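Order as written gives the chain letters A, B and C; numbering starts at 1 within each chain.
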Amino acid sequence: MNLIEQTIKDLETIREQKPLVHNITNFVVMNHSANVLLAMGASPVMAHSTEEVEEMVSLASALVLNIGTLEPKWVEAMILAGKKASCPIVLDPVGSGATKYRTKTAKNLLNELKINVLRGNASEILSLVSKETTTKGVDSVHSVDDAIEIANTIAKEYNGITVAISGVVDYITNGKKAYKCENGHPMMTKVTGLGCGLTATVGAFCAVQKDYTLATIEAHGFYGVCGELAAKKTSNPGSYGVEFLDALYYCGADELRESLKIKEV
Amino acid sequence: MNLIEQTIKDLETIREQKPLVHNITNFVVMNHSANVLLAMGASPVMAHSTEEVEEMVSLASALVLNIGTLEPKWVEAMILAGKKASCPIVLDPVGSGATKYRTKTAKNLLNELKINVLRGNASEILSLVSKETTTKGVDSVHSVDDAIEIANTIAKEYNGITVAISGVVDYITNGKKAYKCENGHPMMTKVTGLGCGLTATVGAFCAVQKDYTLATIEAHGFYGVCGELAAKKTSNPGSYGVEFLDALYYCGADELRESLKIKEV
Amino acid sequence: MNLIEQTIKDLETIREQKPLVHNITNFVVMNHSANVLLAMGASPVMAHSTEEVEEMVSLASALVLNIGTLEPKWVEAMILAGKKASCPIVLDPVGSGATKYRTKTAKNLLNELKINVLRGNASEILSLVSKETTTKGVDSVHSVDDAIEIANTIAKEYNGITVAISGVVDYITNGKKAYKCENGHPMMTKVTGLGCGLTATVGAFCAVQKDYTLATIEAHGFYGVCGELAAKKTSNPGSYGVEFLDALYYCGADELRESLKIKEV
């Protein structure tokens, strides 16, 4: 089955099975990520207390960890949930590189837990490369080759996890195979939490597709197409946010066949 | 006065008096519940710190407790606020039954505080029935009779509080009299926090209607009619959320007289 | 340059420079304030952990402190960030006067930190006047003269900071010069967090305009015009919230020249 048909099939499976996605995420996007998951067809739950995260993650089909608006008690809960999880774990290192606390926490989560997918923007992902292996710095991320090189370095450093660098073009790799996605729209940067919502969407696809690298490219493609569909309806950010949630709900086989731009590289 | 005219009168009283509803609720829905209360005509306040909840609840006309995204410090604040409250208290046992911590906390709040209204979905409410009295389990909730039986059991166990089991059809009882409501729309399950917003709405009606069982059925009817009004405007969840808030604002006597489906059973 | 042209110029600078505005704010409005800042052209960041606020504020062009949904650990973070900040600091004393904890915290922040702008509604601002200097009480705020007198009292008490009393008409003063703004719309009170979003907007203008009193009146004018633009599109609160974010994005020189009602008094 080709990539596009596989994406359609996995999206349909999400909508049939409504997998429970457990999010330990930041205060800014909790409502939005829950609405993203509901709109696309999954079932969100937000729970962060050390008293209950282990029990909650046992019910879940994916665990999404997001370090925006971080604090120590929440990191403790992420570790507890992550160690207990038998489902795939997706990490969004929001703001890694901006403060030492975030960088240290993101690396700590990568080292302590068996993270399956790491998704962030270029600067966040770069901040996680060990000093020894960082040879070019942020400014060097100009080409597909450079981004893939960095992602491959991290994939190797962390035992073959899937690394997604999201941007105008998204690159996804596990060190062995790599994909790129050219879907998306600049308006997606004008609504807060759309990156975090993408990470939650990766969680939903991983809940139904055991090849997590494949699940990650599918999620990027689907999400990007929805971003394009919303941009056809409005050019202002308030209504864009609304149209985007609508698109996550109605986007199906026809829209994906017409617009999906994902491929192996 | 019949149920429909009483609902209209109490809604108008809310819009005139703008009662202050104090919410100690979860991170996911804080913004949404505040907007629900504002849109329908009440005044929301969110405050959860043990340093101030007792003083804040003294200013309020209703207290709404919601155990989503729970943590110990917040439970402590709920107990403090609830013990101090001289206004009606409404409890939403979000996720009770999903984790032991939530079930235990919900029961603890019911035992420690004089809760006036308990509102949740069937599985949440069922999780609060003592083992001795649970004889049929979740799967048995098929009929109106079954749901009323369970709600009656809880109403008796907790000193005649009003119990609302929300679903496709809502059942409300205090063990002596019971109502059902057939308003609502499936799209209401596609926007996060609409159940929590209903609990806040019950709080607003309890602030103006001393018969809390009556207030609870009124809130369910009004809220359900707004859900139906929104569904006439759109069939996608992003815009549905927007239309629903709009409906809470413009829905009045005409809409309620035309669509309200609440009755004593 | 006159006030209107200066406002246009400073708004354009925000949209060019996209200044980073660090918010330590309440749970209710985090998502909304981030979207307000993004829509108008600034870059929001939310971070509240004592582990990272000092490092985060070092990257910021403005710091916005907001005491809604307050708790002790957050106050500690506000103090740490405020002491470290070399950028302008804006304080929103949400709910000051409603509980002793909020009033005490707002005064504490004013005394411990070099706050540049204090923005609130009349009752919040009044709660911060020392007992000795409060001679008239809340009910006396009837006229422009009264409001300016109170604001001037506070401006003197706290070393010439800019004080903004927002309401139907906004008054802004630093004790030496004063402005009023007659823009805005009653629908702005029907969406939660619009006051908090105004404070964030003041932060964004202070990031590009060193005369913070001028920056504050500009922010009030721009924000009020956007409130008027949104009201031309809808009269219901759900869609008003969406239209308001849209207006923050598209409102530019033409709209400001046509509608801005700000002047020195």
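Structure notes:
One rule holds in what follows: a residue touches a chain if its C-beta (ideal position, glycine included) is under 8 Å from a C-beta of that chain, and two chains touch if they have at least 3 such contacts.
Computed from a predicted structure; not experimentally measured.
Because contacts link each chain to all the remaining chains, their graph is best described as complete.
The two sequence copies chain A and chain B touch through a face in which the numbers common to both fall below half of the numbers used overall. The geometric centre of chain A is 34 Å away from that of chain B, both derived from CA atoms.
Residues of chain A in contact with two or more other chains: 27, 31, 241-242. Interface of chain B with chain A (complex): residues 26-29, 31-32, 68-72, 95, 98-102, 189-193, 234, 236-239, 241-242. Contact residues of chain B toward chain C in the complex are 27, 30-31, 34-35, 38-39, 44-49, 51-52, 55-56, 59, 73, 241-246, 248-250.
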